[in-house]
């Protein structure tokens, strides 16, 4: 090999390596394995919901009691930075005694909001890794300032499923778990067994840690800074169970701080990106566990704003 | 009567009349009759929802098929002026290749929106008359720039009820009713009979006019300018039936233009203010009537922003 | 007078009184005297600005030193409720390594703001009384949810004038005046004399109280709750001098709390409504008085958003 | 060289190249040459403004005539996507006849806006290249969702300088230049000579193309899609002249489409990033050229929102 040949060879190799690096960095992971639901799928495990599963879940309605799983939020509700909201109630056309309608008066309202506040669903375009979101969607292609081009919240079908709440606080014998305290697969299995509520395919699983009941009002700064939550293994375990959605009575589901500082919110990556499983945050699980309502029909229709990543929600549990 | 006596009498009468006028104009209607649910009530006919009613309604689930009643909206969706929305999807902390998390990437979204766009629920603080909203709530006291002080959407309990959709278009033998065309009590009764779906206390009633399916995409300006809808008498009739909510596949439920130009949206006044009955707009009733799904379990949990007047929604029908 | 006659007379009188009451309450004050600038005028004393006045004022530039009269504001800046602001810097089209331009990168920014925050100009449509704003503009006619129909900030011509700052703090021998402390006409006259800066027709007059320098950073809650300021008589006195604008280094110019609780911000009514004189708030007068720069060329071009009531500003003083 | 040696060498070279690529892509350009104003400088050529330059420029005021260089904008004003604005005028505390103050009524206004609409200044953090903005500021470090950490608009000192408008339309003998038509250095030099207004250090230079006068109202879509403007060489030429700011009566200063498709808006890169020269867009130069007002005192104080990238403005020309 002459120097010239080496140089030429080098240029070829380096160009190729750089090209790969540049390709891989922002865009499509060449080696991405499509979702089990096909390369075009945008809804992940919501595919598991069908008339049969809904019919079966509806049998869980035995008393007719319903529970709103959303708490009330306002401009003081703490949220993951820089999220905030501001609401205005106004009276168009009725300024200074003006009459808009001869027979009626009215209020209207406008809102400036980050959609990841309080009770919320994380759509499949919320968290990804290595340049892509769920189902090999290249991050730089699906994300757009005007709204997601794929994986937007408008695609989410009615989430109607068996809901299971697992009382992790009771498992640990506490009113509420501590910030940074996590529960593992053994804990989750123990609670299923204790409650007699095994997790099944197609379920919506909610964890009760007691965190929001204990801290949101009394110490909002602490509430939003850290949280108890699932370990990464639990996310993987739930993915193995083929659930549709996983939620908790915390602002972020995963334990914060993460035991592994290099893998914060890894549960989000596992559920949303790797498995097409939705995440539900700040769910009001307290009333459910206080009633021993461990199983129920879960019903959620997120408002369908095209391209939204997340949505403020108030799912209904009925048992 | 001397001139002096007359003058004195006049002053008394006039003062009294003016005082009444001033009182009545902005504030509490002295002669307001409280709601049947008590002077403190903020939720109106949602009081009719209870475990027994929910349990009964849940029996309507027979096939497990679910329907999202919300359509997809975006910044192009026409709305009652000056309502509009704007969404942005952003990547906090990830600008220009910056890494927010060692193991993950993420999108967030912020929204500027008037809450009365597309599929929406009108709360009881939306439309009133003569200085007050539902249950003698003085308009100037409950309304506030930062959010309603009473009657806010956060008070709405889970709306879980028997849902009935009445196919008015089929009744008139058309694909869609015309702008300005209204249906009266006879029409509503005829359709109930024809469909075998009598309206009962505690129901959520939806009207299918075909308007949105026919016009929203093809002629958005026409869609939002006028609409077919209920006559004022229908609102009163439904109030007499003690329903919980009334909706339609139109942006405003009531016929527009109103047959009586002095009483536009009078159905709103009758339902919301006089009877504590919620209104649901731009409901996607097409799939229901095409399936002959005239009865179903209706489930709605509106996101609970304190003091909001309306809320973007996506109720779920299950049958 | 028979009973019948009395009744008839009563009805006439009462109807007439009520009609007047209803007319006067919201709308055009029948007895309103148009501005000295004519019934169509929308800019008030800005009419006093002309090439001759500007040429004369420009002679005040003697050293070439310039002063930004606006301070820096952000989402933490306190403001009169419910005013607030929120800014986002984003990178459209550049998410996750995407390239917007082959040769360039860029930041863009969006803002949600109440325009009455920090350094601001109050347009003539900001404060009125008895149903009207400046120049007999009926409040209910000129105000509109989409923007003022008249008197909007877009009408304000370049405010280029002789500027005079009056050091009221120095007059009282203090670093800063106290909340609720006001200065009267005598004080204003004394300072003019002491400084050798008589107020003249067409001037922009600024008061230095020391309030913002002393309190904004150290005690923001106190800063925004109260303030030293002009007495009502001073506003009238300045109107008599035919000034173009009046400002101060406080958030609201007028003393708060007002000595007369029934006349809060009466100086605003006198200046804006009764005399077509603009108000400038949170002006950074400290550097001027520290330099003894009591006279200067004042230059302000408020951004011209159609129908805006107020505008965030940063006027420039040059001497 | 053995195969092993070559491989080892390759690895070394490739690693090094990749490291450089990774370093260069997002962050600090190792080989960046700091600005002539020092490594800490954030204001670029605004450093050229000083009392002497202002005093000299003030001598250009000869008639006292003033010109607002900002046009009126509203929610219909076209803008570079996805920019838009929405304004609301409201009456806090005065709903339905409520009285906020015993003696006064008031309007307030809130605004949702992208700051790059209509008449605007581009701050030095707006456009950069190769991972950095002006003065070696790494893009990923200075940009932040909550506002620029450096180079924000709040740093811009009063821009008070000699203003020169060059009538390029007259030069080409047209009322307005065509979309895609650019002017070069020769053209700029010819106009300086013809007008007798040589560009000097510290100037603010504005180009009149006639574009906005001709197209904004009559064909807004065309107006915002393309534009006449400076060639890249003109930007370099002006940088060589050490001007403070460059503007035009177009939405983007540079010619669009660019003659070189690989270098769109390269003038922005040259001015903002490479030379710390501000850009002024949609300047209302028509009245200046119609008056033959080719030289004037230019005065601009942009509202100081911390971390803003751009700002809506209305500079004042005085001659």
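All chains are identified by letter, namely A, B, C and D, in their written order; residue positions are counted from 1 within each chain.
Keep in mind that, in the parts below, a contact is a pair of C-beta atoms (placed from the backbone, for glycine too) under 8 Å apart; a residue touches a chain by one contact, two chains touch by 3 or more.
Quick caveat: nothing in here was measured; it's all calculated off a predicted structure.
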- Greatest Cα-centre separation from chain C belongs to chain A
- Since chain A and chain D are copies that touch, is their contact same (over half of the numbers shared) or different (under half)? same
- Selected pair, greater C-beta contact count between B-C and A-B: A-B
- Using the average of all C-alpha atoms in each chain as its centre, how far is it in Å between chain A and chain B? 29
- Query: What whole-number Å value describes the gap between the mean CA coordinates of chain B and chain C?
  - Reply: 41
- Task: Hunt down the residues of chain D that sit against at least two other chains at once, touch-wise.
- Result: 25, 81-82, 88-92, 95-97, 105, 107, 110, 112, 131, 139, 143-146
- Which residues, counting only chain B, touch chain A once they are in their complex? 25, 49-56, 58, 61-75, 81-83, 85, 87-92, 97, 101-116, 119, 125-131, 133, 139, 143-148, 154, 157-158, 160, 262-266, 268-269, 297, 299-316, 318
- Task: Would you pull the chain C residues touching chain B in the complex into a rising list?
- Result: 1, 6, 9-10, 13-14, 17-18, 21-22, 25, 81-82, 88-91, 94-97, 105, 107, 110, 112, 145-146
- Interfacial residue positions of chain B with respect to chain D in the complex: 25-27, 82, 84, 86, 88, 90, 92-93, 95-98, 112, 131, 139-141, 143-145
